[in-house]
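When the chains are written out, they are named A, B, C and D in that same order, and each has its own residue count from 1.
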Amino acid sequence: MSEPLLQAINLECERDERLLFQNLSFSILPGTVTRVEGPNGTGKTTLLRILAGLNDAWSGDLLWCGEPRSRQRESFLRNTLYLGHRPGIKPLLTPMENLRALMAGRRPVSDKLLSQALAGTGLAGFERVPCRNLSAGQQRRVALARLLIADEPLWLLDEVFTAIDASGVQAIEALLQQRAAEGGAVLVTTHHDLQLPGMNRITLGQGQNHEC
Amino acid sequence: MAFDSFSAFLAMEGHGPYVWTCYAVFVVFVAGMMFWSARRNRAVIEGCKRRFEQQQGTSGQDVRQKASATFTRVEVSQD
Amino acid sequence: MNAKVDAVLKPVETGVGPVQAMIAVFSRDVRVAFRQRQDLLNPLLFFVMVVTLFPLGVSPEVEFLRQSGAGILWVAALLSVLLSLDHLFRHDFDDGTLEQLVLQPQPLFLLVLAKTLAHWMLTGLPLVLLTPILGIMVHLEGNSIAILCLTLLIGTPVLSLIGAIGAALTLGLRSAGVLLSLLIIPLYIPVLIFGTGTVAAASEGAPVAGYLALMGAFLVLALTLAPFASAAALRISMSNS
Amino acid sequence: MWQFFHKLGSPKWFYGIATRFMPWLLVAGLMLLLAGLVWGLAFAPKDYLQGNSYRIIFIHVPTAFLAQSMYIMMAAAGVVTLVWRMKLADVFVKAVAPVGLVFTFLSLFTGAVWGKPTWGTWWIWDARLTSMLILLFLYGGVIALDRAINDEKSAARAVAVLVLVGVVNIPIIKYSVEWWNTLHQPATLKLTEEPSMPTEMLVPLLLSIAGLYLLFGWLACLRMKTEILVREQRTRWVKDMIMAGGR
């Protein structure tokens, strides 16, 4: 067993006077896929936003590689990829420009690699079309193209399968599994019935919270 | 005393209306703020008390029973 | 940090430098703005229209206009910047690019600074360029117009920088636009006073270098402090959504 | 030291302390204020320049003084909110901002009324009145922002940022307004800038400032207690205290 990348200890979050979860503890190890599950409104998205560092309204401890995350901010941000509900795609820009802008602050990537990634999500030939002319699913695919060139070891994916067609879903499942095999860690929330061998689960909204 | 009589005190050589208006407005606002703050404090305490007593009455029952969604259609007449 | 995890982690240094990241943010904002040119024109049209209201609403006399022209132009410029500020973060917030901006492994205040500079280049700078024409229309003298343009050139970046704080604070709120004005207008007062005061001093023939230096000091102060406040406000607003 | 600091941040501890001190604050504040005002109204000598209208000073200056120092206190609390996330600091800012607004308004109102006999007009764009007016706007902004954000913690932190930005600006605003004032109307009769105030006027003024300060302390404690109750109403200690008949 290797050491956990991200470790949550006694995480507690209260939102709008409502306790979403408390005493939530789990570890995310390299080489695993973890699914966060639970009915609507139990705090899946909030948990992911907390883990990504977008939401500060929590208490407890978050350890990044064994040290408090607040002291490792740069390293944490460099090594974590977060894809949210909102895909982060500018409707006025083309898929190529969008992808380039998203990668720009992280690491230098050649245009060739970017177009390969776009082709990998089935967007070959759409590189020069403004994203507002694409369908919702295609726009999501632009955001997902990042996964094909991402070197971040920790992926936090919120509702990745939204608006993606059946064959796309299968391909993404395979991608997640492959990523885990490479030694990456993946955390997903989804309502899609995701079943991967060796998948961990974090279940929210049951009164008590499971550890894994 | 800087004034010879009470009426001189009130008149303040013609500046009385200005001075007294200021003092009146000041007293009204400060007293009003104190009064409203105290009243709200009492209202919050009463509210808490009522809730706590109600909770003691209904303790033992699980108030937060969750109904699971069924997505059955509500009977609506469709003419 | 233990050795096993280190093998997986990418060291921060393999990434992109902050300056490159700033350039990327800046150029993306400029590019998006040029895809939607109408949005660029709106503050300018607003500027011209507000200035037009004064001769119509108060008096078209040359004497009045010459005396208050600089003030009118400054107020109008201030209002148009204010009007455009609501968009500074809103679109990015709605489509999720702001989340990705906050999560970049870069100092957030620098990225915010890049965004603010882009905003200034797209609204403040065109206003300055338009000012000579409007200055002639309100019968300002050549020297006054030049000084007015100079004060606007120094002043409008301050407006953008301070305004970014308000835009970040009111992000995602109902009636954010009105609230933004309420929060920001009091903070604009010193810039307005010195901007118009400098022009007034120039028209009386007084030396203005000192005033301009003071406005420059405002700009430096805003440049160094405002991005930190905007970045902090941005994090708070992200956390709230 | 740290333990003390943390204790200071605990709402429960504050609630107890506030309850114990509030009667004293109220009594002492009312007495001092009353003494200062009565002295100022009836016994202090007439001002040789402005006549009796100057007696407004005994409320104009304390309210203005308090309104300004409250903003500074809010900024200090804002730093505490942002750096240490102390709950009590949020509570302070939220409880005090409306009081500051009222005091600013009072000082503006009394200034205007004072202006009528002194300048012959209700309002003059005097440097002090103008900067108080801007302070009123700042308070208004703080309250509006606090009301607009639903989530308490975010609201507290956003307000803290705003107050801090404001407090950096206040000296700049004051300075620029004074400069602007000399530009447009040189050398008018100033309301409050007496070259040297005789002791018979100064003492009642200081008395009423002190009294109003204590009264403000009482008001702040009361409002903070209310806010604490609202926020902590589901905790054990609030329940125990209220069921035991505590206030």
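Heads up, the rule we're going with is that a residue touches a chain if its C-beta (ideal position, glycine included) is under 8 Å from a C-beta of that chain, and two chains touch if they have at least 3 such contacts.
Chains and their UniProt names: A = Heme exporter protein A; B = Heme exporter protein D; C = Heme exporter protein B; D = Heme exporter protein C.
Since the model is a prediction, treat every value here as computed from it, not as a measurement.
By number of C-beta pairs in contact, chains A-C lead all other pairings. Comparing chain C-alpha centroids with the centroid of the full set of protein C-alpha atoms picks out C as the closest. Chain centres here are C-alpha means, and the one lying farthest from chain B is A. Chain A and chain D have CA centres that are 48 Å apart.
For the pair chain A and chain C, the distance between mean C-alpha positions equals 34 Å. Computed centre separation for the pair chain C/chain D is 32 angstrom, with centres defined by C-alpha atoms.
For chain D, residues touching at least two other chains, in rising order: 151, 154. Residue numbers of chain C whose C-beta contacts span two or more other chains: 236, 239. Residue ranges of chain D in contact with chain A, taken from their complex: 150-151, 153-154. Partner chain D is touched in their complex by these residues of chain C: 162, 165, 169-170, 173-175, 179, 182-183, 185-187, 189-190, 193-194, 197, 200, 218, 225, 229, 232-233, 236-237, 239-240. Residue ranges on chain B touching chain D, taken from their complex, read 1-3, 9, 12-16, 18-19, 21-23, 25-26, 29-30, 33-34, 37-38, 40-41, 44-45, 48-49, 51-52. Of all residues in chain D, those touching chain C in their complex are 82, 134, 137-138, 140-141, 144-145, 148-149, 151, 154, 157-158, 161-162, 164-166, 168-169, 172-173, 175-177, 179-180, 183.
On the chain C side of its complex with chain A, the touching residues are 1-2, 4-6, 8-12, 14-16, 20-21, 24-25, 28, 31-32, 35-36, 91, 94-97, 99-106, 111, 235-236, 238-239.
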